[in-house]
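Below are structures written as C-alpha cells.
Each of the next two complexes has chain A plus one other chain: chain B in the first, chain C in the second.
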Partner chain A sequence: MTQRTTGGVTRRTIIKAAAATAAAQVAGPFVISARGDTPVRIGLDNPLTGTYAALGKNELIGCQLAIEQINAKGGILSRQVELLSEDSTSGDAGTAVQKARKLIDRDNVNFLVGNVNSALALAMADVAAEKKVLMVVPGGHTDAVTGTSCHYNVFRVCNTTQMEANAVAPTLIKNAGKKWYYITPDYAFGHTLQAGLEKACAANGGSKIGADLTPLGTTDYSSYLIKAQAANPDVIIFLPQGDDMINAMKQAVQFGLDKRFHLAGAQQELEALEGLPPEARVGTWVFEWYWNQPNNPHVATFVSAIQKKTGKVPTARTWFGYAATWTCALAANNAKSLDTLKMAKTLSGMKLPPEVSLMPDQAYYREGQNQLLGDLFVGQAQAKGSTAEDLFKVSTIVKGPDAAGTLAETGCKMQWPA
Partner chain B sequence: MTQLILFNVFNGLIIGAFYALMALGLSLILNLSGVINFAHGGFLALGAYIAYSLSPHIGFWGALVVAPVATAVVGLVVERVLIRRVYGRDPLYSLLLTFGLAYIFEDVLRYIWGAQSVPFPIPPALASPLSPEYFFLTGYRLFMVALVAAAVVALFVILNRTKLGIRIRAGTQDLETVNVLGVNVRILRNLNFGLGTYLAGLAGVLAAGMLGLQPTIGTSLIMPSFVAIIVGGLGSLPGTLLGGLLIGVASGLTTMFFPSATEAVMYVMMGLVLLVRPRGLLGEEGRVQ
Partner chain C sequence: MTRLEKPALTAFVWLALLTMPWWMNAIGGYTELASRVLVLGLAAMALNFLLGYTGVLSFGHAAYFGLGAYGVGMMIKFVVPSTPLGMLVGVATGTVAAAVLGLLIVKLRGVYFAMVTIAFGQVFYFIAFRWNSVTGGDDGLTGWKRQALDLGFTQVDLLGNDRAFYYFLLFVFALAVGAMALILRSPFGRTLVAIRENERRARFLGIPVERHIWLSFVISCFFVSLAGTLYALLNNFVDPRALRWDQSGNFVIMAVLGGMRSFWGPLVGAAIFVVLQDYVSSHTENWMSFVGLFFVLVVLFFPRGVMGILARRRATDATKEGA
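After this line comes the complex of A and B, so read on.
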C-alpha cells in the first residue's frame, strides 16, 4: 500500500498531528490569567454550547471582568486569581458533574461556580458538598438550591422562582386582572415557578383558570395559544425561558393575542427581548438586574466596562457572573483564609459592597439559606427606549426581603459541620 | 369544543406542511444516496442565517429567493468533498459523518452570528391574522402553506417530467443499472443532494419568520422530519408529505387533551407504525425488513 506524501511527511502524520492539536484544545481548560507562583483558582462549570450557550457566555464575561478587577486590586489573599472555564453543556448533568469533579480533583480549584441550568446546579452542589468546596450559583433559579437541598457551602446570586413570583404578582393583578392562564415549561424550573405564581396570585385575590405544560424545546406554541385564548383569561402567563420564550411570544403576537389579552410572565431576560422582533417586546415581567439605573454611578462604571469588552450593555447574566466571582474574592479576603468553612461563615449574612451589588439597595446573603437578597425590577418590555438596547421600562422596584418569604417557607434546614 | 378541535386540526395541518417541507429534502437524499442526513438541520439553520444577513439589503422576498440557493451551493460542496466518500459503505459511516457535521454547523453558526437569538423581521403585511375569529390564520402561515404546496408541485414536476428527475427516480430504484446505462451517477447524486439542501434552506427561511433564530434552530426541527419519513414510508415522497401532515395534526390534537405529551405522541405514532406496518403508510415493500 502506498501512502501519499507531502515533502517527506505522510498524510497520516499530518492527520494525526491535526487530531492531537484538536484534542489538546478540547482537553485543556481555558486559562484566562496566570501570574505569580500559586494562583488562587476559580472553576466555572457553565453551559457554552446548546440552548443556554448565550446565557452562559454572558455569565462568563461577567466573571472575566471581575477577575481582572480582583487582580488589579491585589488578588485574593495577595495571590493572583485565575479562572478555569469548562463547558458543562446545557442539559447533561453527567457532563456537568464530571467537569466539576475534574476542576476540583485535577485542577485543585478553590471555588466552584455554576450553573445556568437548575438541575445541573443541583447536581454540582452535591459534588461541592461532598468535596467541601465553596460553591456559588450565579443563575440557576429553582427554589431547592437554597431551599430543601441547601448546603452550608453553596451560595446563590440569582433569585428563587418564588421570589420572582412574589415580586410580579401584585403589579399584574392591579394592572391586568385576576384570571390567569399558565403556559409552563415541563421541568423543575417551570413547575416551581408556576406553583409560586399560583400561591402569590391567590394571596392577591386572583385565580388560575387553566394551565398547560409544554415540553422543553417546544418550537410550535400555536395549539397551546388556541387553547389558552378559548379559556378567555385576563392574563396569559408565559413561563418558558430562552429560545422557547422567543418562539412563544413571537407566535402569540403574530396571532394578535397581545391586543386581546395581557401577556406577561415572571422571569424575563434582555437576551430574549433582543431576539424578539420589536412588535413582540410586550408584557409585564421581572428583571433580576437591569443596566439602565439612572443616578447610580457604580452601575454606570460597570456598564461602560462591559461595553468596552463586548460592545454591548451587560445583562442580568453578566451581573450574575460578576457578582458570583466577586463573592468568592470577598469571602476569602474577609475571612483571611481559603478554608471553606471559614469562608462560608463569613459570607453568611454578608452585604455586597455597592460597587458589586449594583442596585438601589445593598444585596446581602441571608443567613440560614445562603440566598442573595437584592432588588427585583418589575416593569414592561418595550420595543425601544432611550437607546436601542433599552428594552425594559422599570415601573416598580421590589426589595428582596419583601419577596423572599420566611426562612421556614424556603424549606432549608442548614447543617453546619461540627 | 368542536370549534376548538377543528381549529387544532387546521392548525396541525399548517404545522404539518412545514414538517413535510423539511422531511421531503431529507427523503430525497435518503432515497437516492442511502445517506441519513443528520446535518439537515444544520443546512436549515444556515439558510435561515443567510436570509437574516441578506434581508436588510435585499428585503425578505429577495432573501427568500437567494438564501435557499446559497444553502444548496454549500450543500453541493459538502457532498463533493465529504458525503461522496461514504457512499456504498456501512450506513454507520454516513451517520457518524453527518452527525459530526451537524455539530460543526452549529458551532460555526455560533462563531459567526453569536449564540444569542437574533430577530428576523417578516413583512408587516404578513404579520397579522386575517380575522380576529380565525386568529391562527396569519398571512405568514397561509403564505407558508402556499409555498410548501408550490414546492411540492414543483418537486413532483421535476421528478416526473425532467430528465434529471426521471434519473433520480430511476436511481432510487436501481442505481447500478442507471449507472450502466450511461448516466453519471456522481453528478446525479451531487445535484440531488443540492436539491435536498435547497429545500432545507427554504424551510429555514420560513422557520426564522415564526421561531427565534439561534444556532440550534435546526436541531429542534430535525426529529419531527425523521418521524414524518418513517410514518409516511421510506422511499415514498407522497408518504413523507402525508407523514408530515399526520404528525402535525396528531400533536395539535394532543394539546387539547394531554398537553405535556405533544412531543411524545409523534414517537408513539412512529412506534405503532413500525409495529403494525414497518414499511410505513405508503412505503415500498422490501425497503425495510
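After this line comes the complex of A and C, so read on.
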C-alpha cells in the first residue's frame, strides 16, 4: 500500500460529502423559524402502537376534533393551534420520556398531553414538572398522578382508580354479593385499582377472598380463571384493560364462569366491548363517559361530529382527548396568557362549559388536586342495545364529588412555586 | 492492522462529538437526542468489544445494561443521593453478575452462546418485571433524579442544564472509549483478535482461550453496564425494558449497522438507529418497519456496515493508486 501524497479533492471525498449532506437532510426534519409566527402548539405523547393503540388513537381523534373547533372559534389568544402527535409506545417509558423532551425542547410545545398508560403518564409528569410545561393527562388512571405525585402544572381528565372503585362498589355488593376475587394487571393502574376496590368493598361490608396479578400482555388467562373458580367467590373482578380484557372475558365465558359467578370490574371501555363476542358482553362495570345520553343536545352534537369524522360513535377515550385539548385552550384563553403558572391557577377550580363537559353535571377541576370531577356511569354490558354500538346499559349515575373522597385521602400535597 | 483507525477519522469523530449539541440543534435535533446517541453508542461499542474483536455474539447484553441502570437508580433512590457513587454501584453490579454468569457460558460457542446469554438476560428481566416492591415492576423505578455533581470547588448542575449533562456524558464516554482502545491495542487485545480469526490455532499456540473469552465478556459487560448507568441518569427513570432481549437485539443491530469490524462503527450505527427512530416515528406509527427495512438492506448489501462501505472504498482507491 503506497501512501498517497497528493492533496486536493478526490472522488471519494465528494461522495462522502454528498452522503453527509444527505444524512443531514434526514436528520433535520424541522427548522424552526421565528417564534412569533408559530402557532400555539399542543404536543400529544400517546400510544399509537401496542396494547393501547386503539385507545390512543381514539384520544387522538378527540384531540383533532377539539383542535378544529378551537381554530374555528379563533384559536388560543388569537393564534392558530397546531397538534403535534408522537407515538409513546404502549409500555416503554424511556421512549415516552424521550418524546416528551423532544416535544418540549425541540418543538417548543406550549402544552403536553398524555398518556393512556399510567406508568408513562407518571414518567411524563416528571418531565413536565421539570420543564414547567402545562400538562393534561387525558386517560391514565392511577391515583398518584393527582395524588401522591401531583404537580401544580399537571391536570387530569379521566377519573382516579379510587373514584371508579367507589362508584361501582355499592351496586356490586347489593346486586352480586360480598366475596370478591380479583384478576389484576401487574402495573400501577391495576395495583391502585385493586387497592381502591378492596377499600370500597370493605367499607360496604364485603371482603377479598383471593387475587392474582397478571403481567401486561397476558394472552392465556386459564390458570388464573381456574384458581378463581376454585376459590368460589360471589364476584370475579376483572381489572385488565384493552386486549387483555378481551382475552380474559372471552376465556371466562368459554369456561362458563358467567353462569356460576357474577363477572364484574371497575373500568370498562367501549373499545373492549366492541372486541368481545356478544355472549361475552356481560357484567357490571363503570363507564367514565358514554355516548348514549338521551336529552343532552351537546352530547348529540359531539356524537354526530365524531361519527362524521370516523363513522363510529365516540368512546370515553375520544371524549378524554377532546376534553383534554379544550382544557388547554380554556386555560390559556381564560388566563389571557401562555404562562404555565397563570394557566394552572386559572384551571384549578375551573368548571368545563357544558359543550365540553358533555355529561349531566358540569365537570370541574378540583382545587388542590387538579383532578376533573365529573359523572361516572355505572351499569351492565349488553349483547345488543338500541343500536349495534349501544353495548352498555347505564343504571346509575354517580356524581364525581361523591366518589372522590376527601382531599386528604388523595395524598396530594400541592406545591405551588413562589 | 497496526492502528485501530486512521487518526484523521478519530479526530473527526471527536470533533463531531464535542460540537454535537450545536449541530444537533441546528439540524432539527435536540440536546437529549445527542445524549442518547452517546449513551447507546457506548453500549453498542461495548458489545462490539466482544462481537467485533473477540468474535463472540452475545444476545443478552441488555441484562448488564439494565443491571447498571437499576444499580444507579436504586442507589440514588434508597441509599445515597450521589451520582458518582450510584454509577459505581451500578457498574459493579453489572460487572460482578457478568463475571459469575460468564464462567457458566464461556465454554459455549456460536448460537449456543447467544441462546444462553438471552436466557440469562431474560432471567434478570423477569426479576425486574415481577418484583414490584423493590424494582417498581412494570411501572419502572421512579421518584429519583440524577444529582448535581460535587467537584469540591464547584457544583455542576446535571439536572437542569442539558448541555452540562451532555458534556458529563461525553467525559465518561471519552474515558471509557479511551480505556477500550488501550485494551484493544495491548497484547491482550491482539490475542482476542487472534481468537476471533482462528480459535483452534490460538489454542494450539497455548493461549487459554476460555479465560480470554471470559475476560473479554466481563470487560464488555463492564462498559455496557457503565452505559446502562448513564442511560438511567439520562431518563431519570429505569424500566424493565432496559433489560429485555429486544434491547439486546437493538445493540446488535447498532453494531452491525455501523460495522462491527470498525472501532467507531457501532457509534455510527447507534447514531443512525437513534436518529432514524426519532425521525421516522414522528411521521408514522409504523416506524419499526422502516428501521427493520433499513437494517435488512444494510445486512444484504453492506454486510460490513456503514463503516465497511467507507473502508472498502478506501481499499479500492489504495489498490488503484498502488498500481
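One rule holds for everything that comes next: the second predicted complex is superposed on the first by the 381 of 418 C-alpha atoms of A that agree within 3 Å, B and C clash if a C-alpha of one lies under 4 Å from a C-alpha of the other, contacts with A are read in each partner's own complex, and residues count from 1 in each chain.
Basically, a residue touches a chain if its C-beta (ideal position, glycine included) is under 8 Å from a C-beta of that chain, and two chains touch if they have at least 3 such contacts.
Just so it is clear, the structure is predicted and the values come from calculations on it, not from any experiment.
Engineer: Taking the superposition as given, does A:68 touch the first partner, chain B, the second, chain C, both, or neither?
Structural biologist: Neither partner.
Engineer: Between chain B (first) and chain C (second), which, if any, makes contact with A:91: first, second, both or neither?
Structural biologist: A:91 sits against chain C, while chain B stays out of touch.
Engineer: Contact-wise, after the overlay, does A:186 reach chain B, chain C, both or neither (first, second, both, neither)?
Structural biologist: A:186: touches chain B and chain C.
Engineer: So, A:101: does it touch chain B (first), chain C (second), both, or neither?
Structural biologist: Second partner only.
Engineer: One more residue to check, A:49. First (chain B), second (chain C), both or neither?
Structural biologist: both
Engineer: In the overlay, answer first, second, both or neither for which of chain B and chain C A:215 touches.
Structural biologist: Touch partners of A:215: chain B and chain C.
Engineer: Tell me the contact category for A:243 with respect to chain B and chain C: first, second, both or neither.
Structural biologist: In the superposition, A:243 touches chain B alone.
Engineer: Of the two partner chains, chain B (first) and chain C (second), which one does A:276 touch, if any: first, second, both, or neither?
Structural biologist: In the superposed model, A:276 contacts chain B only, not chain C.
Engineer: Applying the document's definition of touch, where does A:258 land relative to chain B and chain C: first, second, both, or neither?
Structural biologist: In the superposition, A:258 touches no partner, neither chain B nor chain C.
Engineer: Return the residues of chain A at which the contacts from chain B and from chain C coincide.
Structural biologist: 49, 53, 186, 215.
Engineer: Okay, in this complex, where on chain A does chain B touch?
Structural biologist: Chain A residues touching chain B: 49-51, 53-54, 57, 186, 212-215, 217-220, 222-227, 229-230, 242-243, 246-247, 250-251, 254-257, 260, 271-272, 274-279.
Engineer: Could you list, by residue number, the parts of chain A that touch chain C in their complex?
Structural biologist: Residue list for chain A touching chain C: 1-2, 4, 10, 12, 15-16, 24, 26-32, 48-49, 53, 86-87, 91-94, 97-99, 101-102, 105-106, 118-119, 122-123, 126, 130, 149, 186-188, 191, 215-216.
Engineer: Chain A touches which residues of chain B in the complex?
Structural biologist: Its residues touching chain A are 4, 7-8, 11-12, 14-15, 106-107, 110, 114-122, 127-129, 132, 135-136, 138, 140, 207, 210-217, 220-221, 251-252, 255-256, 259-260, 262-264.
Engineer: Which of the residues in chain C come into contact with chain A in the complex?
Structural biologist: 25-33, 36, 129-130, 132, 137-140, 142-143, 159-160, 162, 231, 235-237, 239, 241-242, 275-276, 278-279, 281-283, 285-288, 310, 313-314, 317-318, 321-322
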